[in-house]
């Protein structure tokens, strides 16, 4: 394992020291491993808390700031935070208007956020993201994973909260984004969890994993490596099969890198995705290209589509000022 | 070789289609492979052109926009652009106030930019960046490579040009940034040039290359893999040995990822670097952490320090609106 | 010697479990790498090390030790197994209440309460390929053995055998809960990491709580 | 048959060079991977393929063909070798002027002019571990052989032998120009990619331009 780290057990704590040093406008609670907006809590504003295992950076800590999250609870690598952390985050952002929990749909995340919400002394509403079409959704399963759409929920709900909407209104917007968004990812390589020390799975030079999540878990199927045009199709087709994206105010198309794929490849993939959407009669109104929700050093990418309407467009365009997403401010 | 690409020869052309599709405020000249600000040329404003081989994204195309570059000429992967491209970029940004070429110090880049300047029908001044302390500078060599400081030169000279300064003033600021900046990098892995198909060098699991550039070239020395704290020292020490960074208005500390290293590791490295600077009595006034000047999928990082003064601070903080660096706009 | 589970017994059980988790970190993590996210061993080890630390200072009856264990796991493990094992011990603590010691039936009832806590939290059913599939057969075997008049030692051994069998039975299962469920058919053929740690929990109970009396 | 280099000879030289570069892409790129950035083969191959295309339509005297070659290389290769090889051919073109054909001395003079262009552009000196170290000995050998009355064929062969020797001599050199210079001591022990392609250029000249007359 080759990483820019000291002891594997210290990765998170030391990275948080770096976050604190690099971003004077953030406040880091090292005890609880929570990244706060420097001015949290904001009186009268709905507080936005997200969190999850680490290793997905910039998610979530890179999205803390005006117009997006008020706090991010950082679990160990790929391990959801414990209730204490989430509770500390919740208390720290409580400005009297209630707190929204944005939770990715994983058993661990859901349970730990639930326990924290039970312990919180403020009104908490949780919105669970579950946009990954690689996972079959049924009564008997835990449902879909929350992946790329989480970034969009955090941005859009963040804008809604910043504009003074109530907790139930912000939660409604967050749920709408999740309902209108779908994602699908693939991996060219596995990733190496620092504490594990070797790649989570082995992938031969000529194979890729399709339908992966963001925890280095193997995907749904293993197929031969293919040209980008075909890989784009493997991602776009199941999304379009699952949800209607034509009409309305177009879509936001988000090509996300898994951490180890260079930007030039992501732009190339964006071109392929954009081409496929054009063919399918879908209008791309907004785009996002980059590594925003990652799996450590995994090479690969995911595609997220979000169907836009006037409200979502306005909230997406609203100013945001975080270390990883910033405009208009 | 596992990449999100089609034919290796088409990587750049297809990525540029993606850049164009993703960024409506940019204009892409596909014939010449130049990325322009959508509103170039700006009458009366000094035009800023940079460029170089591709594979360093977001450098340079990700830095085109208000407050930074007016155009970026994109060569093949790791191959400097040809004079035709640089000339097209120069003509396209010529608003009557002359054009600044920001050139990284590589034989190929310098020669191609020189040839383009000879052919240009406008006043061109070239500033060559050469901040890499890994390379010995002497009368008999080609001098140091231009690496991380290039990002800072583009931002700061971009702000100077945006504020209406003259060509010679903008060039002076660019030279000052280069003179006050130093960099050093290391690689945990090599990178794979698409057309070559296999890693440029082999690096055993327990070795790193210290003193690398940004073209996947081997470094000055190969040493055993070490903890982040020691790797930070390998980068910071030679920089501090080379230049005085104490006093004044502090420094800008820039920890840059080489493309394949996850953000969590870069923040961890930033913590280590920040700690070493503190020990050395150096005040960090500004910071930048992320993958901004990369070597395709190489894992590793570089450190750049820039000694600040009041003017550089103001220009660094000035609004910038590019796909990769954005604030205040 | 009469079969009671007192504070000392609980301590040695949890100490032994912490040890076993510590010496199986890699196994648990490798199993999780195959169908999950390669952290179950590290997660549980971090938690049980914290439990050992917390119990070192706690001088109290079984219920308090179990509650401390549950709260410490909830606060240090994270992921799915943190709330699940945490709730398991918190419910055991509730069942044990403030008794100075538990007789075999009381211990079996506490274990059953823990299992019900796991179900309440995670809603797993038999055959979902989770820790439930090791814990539930263990509870059943313990109850049955005690009901049929077996000694506590024998009953614990039966529980441990059942937990191991339940753990082994997870291999051919298709996961329907937890992270492994995302793999669908590809989860078949791999032993569940949580069932593996749960079998260790029952095995260490059998070792730590047995009275040592010959059958 | 008298030894003159006409348009047809220039065409077959450049055609042969394009072919040889094409069949040595991997070698050139691998050499560049060792002490550079793994693109010299791809760069030059892209350029010479473009030259072949450009010359297919250009119907003209040697000077024009050489100028087209130089401009095409400048416009398609990039990197260090683009301007260098480009300048080489542009200067050759200048020396050839509008002659219909070049006699051996005129050809040698054109080659020398090309070499001087490389130096003007890149300021390399002997021993810097660059293409200069193959081209300069070739020019010297050609001049000497012609001066001592050798046939053009023999003189070209001598030039090629000298270029090969010059190329081989780059291996122990410590690079002082180009990308390899960044490696310092570590550049020692590797053959220079540019000297390797330059030796191909001279070798193909020997093959394409020789009159075929027995010595």
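A, B, C and D label the chains in the order they appear, each numbered from 1.
Here, a contact is a pair of C-beta atoms (placed from the backbone, for glycine too) under 8 Å apart; a residue touches a chain by one contact, two chains touch by 3 or more.
Just so you know, these numbers come straight off a predicted model, no measurement behind them.
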| item | value |
| --- | --- |
| Longest centre-to-centre distance from subunit C, chain (CA-based) | D |
| Subunit C-subunit D separation of Cα centroids, rounded to whole Å | 76 |
| Cα-centroid distance, subunit A relative to subunit C, in whole angstrom | 33 |
| Computed distance of Cα centres, subunit B from subunit A, in Å | 28 |
| Residues of subunit A whose C-beta touches two or more other chains | 77 |
| Residue numbers of subunit D (touch at least two other chains) | none |
| Chain contact graph, described as a line, ring, star, complete graph or other shape | line |
| Chain-chain contacts as defined at top | A-B, A-C, B-D |
| Sites on subunit B touched by subunit D in the complex | 53, 75-84, 106-108, 111-112, 114-115, 132, 134-136, 140-142, 145, 193, 195-196, 200-201, 213, 215-218, 220 |
| Interface residues, subunit C side, partner subunit A - complex | 29, 33-39, 42-43, 46, 74-84, 121-122, 176-179, 181-184, 186 |
| Footprint of subunit A on subunit B - complex, ascending | 1-7, 11-12, 14-19, 21-23, 54-55, 57-58, 62, 77, 188-189, 205, 208, 225, 227-229, 231, 259-272, 274, 284, 287, 289, 291, 294, 296-297, 299-301, 321, 326-329 |
